[in-house]
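Heads up, the next two complexes both have subunit A, just with different partners, subunit B and then subunit C.
On to the complex of A and B.
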């Protein structure tokens, strides 16, 4: 299988792209795929919160030429294995997961931000080299990139380097005009070069689930409420945006209050294997493996 | 205290001559600070000393200029950018140049249009002016950035879809002609490059590159394409760089990006056709920052990728050449002769 390079992007922050990217990456590894997850949300990195592992060096160091690939890629397959052993009665997983973490330190962010056009180009060169080295030396099935939201230097570069883009939208908080503009000016430009792009709806209302650990009912048994966006119902809004942006919908993930209001970010897809959110992640992971 | 011969006041027709003489005696560095109204003068002086400036640059000399870059003086700025590192500062008044950090020439024009030049070689005065110039340049904006700002700020943002292939050709030629410092072009197929050659687009690119515009062309790898790009672009024009795509892009597209302010992406409908008009489909022409930036980012990514592919190819060829030689072992286990000598000496 050729390596797939997928970028999770959004117009605004707080759409859940990091949660989805982290959970998808972990699930893909659990399913036997070799995955690298890169934190390219250089302005507000947050992957560390999900994996709680201190890297030897940061992606920032690599981009600035102060670290090698193997120093910044943290092997976290054991985290996936621990979860699987503990919560899914399975001892071994065949896949692998590496993460490139981005530093949260203010000065590190400034160092990336404050480059001249030449240093920015050299950082882009290092980033492309990173992707190529990962594909060649780590024999990966997936490179997943968590990007910065909006139209910023590193978000556009991450999109240009990926071959598939997921535009994550949080239902109930969609800036229709902004999304349309993003789709036509950025995604429209990139897809002309052969990049594929999809809409990924998050927190679609109507599936609110109670506490953890209960037996979850099938999706068919839940009732889909209608949240209005500019006068549209949920599925109408999905269709409308899909039509307006000329992008297909890869997934529409319902809103689960227990995840949304959880006090700590964690890998729900591994911690609660029977949670409907996990099922949704599995559907998305399968789509990533088979449809792209 | 300055000696009388350290300061000279030169008038009228001697001004141009003295400035030219200062430049013709240069050894390593020229720093110019010219306000917008006096820019034509410095352009004239520099044109007259073109050879000297080129010679200085070839010896790794440094030629820098600060001025106020405006839309109206862009042609002059473009001229200066051919040989100078140009910077922008707003509301600049006064004009002077410093040669090799040793000679200062301050230009003045009175209300009656009489020209005067203050020629000063007093070391402490020249040092203080040099310090002022260096401080100014630290705060100035590089010309490219300023020109991009002008390009974006003076026009309404637009994104236009064009179906008329004759108009597309005319936009391509106008766009190339309007370039001030940089053109990036992607031909995703061999034929679109060949069509561009037949349509005179490559010739136009060659002409504009002679005016100091840097051109990057990315094209599908092919022997005919290589030959044409070597003979018509790379060899005769030092400002043109051509890189080759090793893998086909999923779509057939030709992209023109000028000065990072405008982009034109042209879909290639029928790549087998002879003329541009017959071959192309829809085109998108825009100066929208996000569209242009996406195209720039994609172009840069493909450009870098093509360089990495070239390096990989060379590396692969190298390893093929030494196949079976266990290169790694040789590198890491090599025992240098002086090491052996030391070991042998220790044994004895």
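On to the complex of A and C.
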């Protein structure tokens, strides 16, 4: 299978890109795929919160020419295996997962941001080489990029090297005009050269009945109270945006209060294999594996 | 306006005519597997991008509507799809004797096509009939010819339409002869197997009323169905470096604009980045001093208050397009030229070949002559051009973009300022270099003043380049005034 390079992007922040990208990457590895997940949200990186692993070097070091690919790609398959062993009664997984983390230190972010025209171009070249080296040397099935939101230098670079774009939108907080402009001005320039783009709706309302005291451990309760209603995936807003942006919908993920109001970020898809969110991630991961 | 617009995929590689490629109806002939359908789909995808109304007429039972949609990035963007098999089914239901209704089937299809095209009368159209081979297998020669001629006549009467009729086989087959003569020309595809890889080439074999020397161009069909032209699948020559990532190219090389080499995977990324940032984003001049030959141009009388701003902007846009279409500009790799817009014109610095500023001036003058022909005076574009060579410093501007400053560009500007409409004026440094290079330059470059004083008292020997179809033989008015 040829390597698929998928970028999770959004017009605004807080749409759930990182949560979905992390969970999908972990699920794909669990399913036997070789996956590299890159944190290109260089202005507000957060992948570290999901994987809790200190890298030898940061992507920032690589982009600035101070590290090699193998120094910044952290092998985290053992994390997926630990979860699987603990929560899914399965000892071994065949896939692999590497992560390129971005540093959260403000000095490191400034260094990436404050480059001159020359250093920006050199960093862009190194980023393109990173994708090529990963595909060539790691025999990957997927390169998944978590981008920064909006139209910024590093989000555009990430979109340009990807062959598929997921524009993530949080229902109830969609800037329709901004999204349309993003779709026509940026995505339009990319799809012209073969990039495929899809809408990914997150926190779609109407599925989750609030239940007092719902806990992750209370699987039965969570599942029972999560009901799909008629018209799933065909709401007016979804249809309107799909029509306006000329993009198909790859997935519409319901809003789960337990995830929404969780105190910390973690890999729900591995920790709670029966959670309806995990089922949604499974569907999305399958679509990524078979339909793109 | 179609000027400088690409109407068929790979047009810049396969069309060598001196005029712009016209909206026309072409027969696309090639053996099975040579890429006719992939080419047609690319033709329609580019049409959608350009905002054209696109129509695909499917004549095969093999292609479902769903499969057709998969050729397009988004279903909502797919062209209109008309299917001959669905027409046949309707007719077969209507009549026990379907064979007798063959003529009606094709004429009904033609009616549907013309109705769809008429509904979108004001929008430029792109039409694909894929393929005539399927129609020929089911209908008589006379019926098929009537269908092709009918659609051709309609498209011509409608105007603003480009169409492809695909046909499997070779150009020497009788069908290609017959149908090729019913349309405007023939695009030929060929393929060969070599080293387990299929190599595909394409050329415009004939195009009525337009002089075009057929030339083969290699193309490659990428995994996503996109066609890449000018791409050679042979291993690269030693030392070739990718223009995007700057890494050595080992294995297949993809040629981008101005024959710039890329890794095949980098070419698409380069095009995408270039589309958003402009190609300046990628190319970097090494900081320091570079020796450059400059072409400085501005539009004469552009700020005339009698000229509307809209008209002024149109002239600037047209001039940019005309310069971009000159070989001396477009065939020079992006990292071997510096482009600096100046508002009512531009400065172009060529890093390698000192002939290029003069060649660009000559080519532009010829294009302007054709452009201005028949236009009312305030729509015509008059330019003055100054050429010079010398060193410049590479500097960063306030936006962190690269800029240059130094004697080379300053002198080109000063020389240009002395000219009137139509003048191609040269400073002595570049004029004398060129006259030593070739006799043809010696013939066209004539001295104007052997010691003309310009700003800050600087003396410059001034030359003018002209011939029958470029330049201005008259003495520049400012030179005459000041003696």
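Everything below uses one rule, namely that the second predicted complex is superposed on the first by the 266 of 292 C-alpha atoms of A that agree within 3 Å, B and C clash if a C-alpha of one lies under 4 Å from a C-alpha of the other, contacts with A are read in each partner's own complex, and residues count from 1 in each chain.
Definition applied: a residue touches a chain if its C-beta (ideal position, glycine included) is under 8 Å from a C-beta of that chain, and two chains touch if they have at least 3 such contacts.
Remember, it's a predicted structure, so these values are computed and weren't measured experimentally.
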Requested in this report: Identify whether subunit B and subunit C fit side by side or clash on subunit A in the overlaid structures.
Outcome: clash
Query raised in the report: Which partner does A:247 contact after superposing on A: first (subunit B), second (subunit C), both, neither?
Result: second
Query - Which of subunit B and subunit C A:121 touches, first, second, both or neither - result: both
Query raised in the report: With the two structures laid over each other on chain A, which partner does A:106 touch: subunit B (first), subunit C (second), both, or neither?
Result: neither
Query raised in the report: Where does A:197 make contact in the superposed view: on subunit B (first), on subunit C (second), on both, or on neither?
Result: second
Requested in this report: Pick one for A:2: touches subunit B only (first), subunit C only (second), both, or neither.
Outcome: second
Report task. Applying the touch criterion given at the start, work out whether A:184 contacts subunit B, subunit C, both or neither, answering first, second, both or neither. Result -> first
Report task. Could you figure out whether subunit B or subunit C reaches more residues of subunit A? Result -> C
Report task. Overlap the subunit B and subunit C contact sets on subunit A and report the shared residues. Result -> 117, 121, 124-125, 128-129, 132, 156-157, 159-161, 186, 188-190, 192-194
Report summary line: So, in the complex, the side of subunit A touching subunit B is made of residues 117, 121, 124-125, 128-129, 132, 151, 156-157, 159-161, 181-182, 184-186, 188-190, 192-194
Query raised in the report: For subunit B, which residues count as touching subunit A in their complex?
Result: 144-145, 159, 188, 249-251, 253, 255, 263, 265, 267, 284, 286, 288-291, 293-295, 297-298, 300-302, 304-305, 307-308
**Report entry** Contact footprint of subunit A on subunit C as seen in their complex
**Finding:** 49, 73-77, 222-226, 244-247, 263, 265-266, 268-269, 271-273, 275-277, 281-282, 284, 287, 396, 400-402
Query raised in the report: subunit C touches which residues of subunit A in the complex?
Result: 2, 116-118, 120-121, 124-125, 128-129, 132, 135, 156-157, 159-161, 163, 186, 188-197, 242-243, 246-248
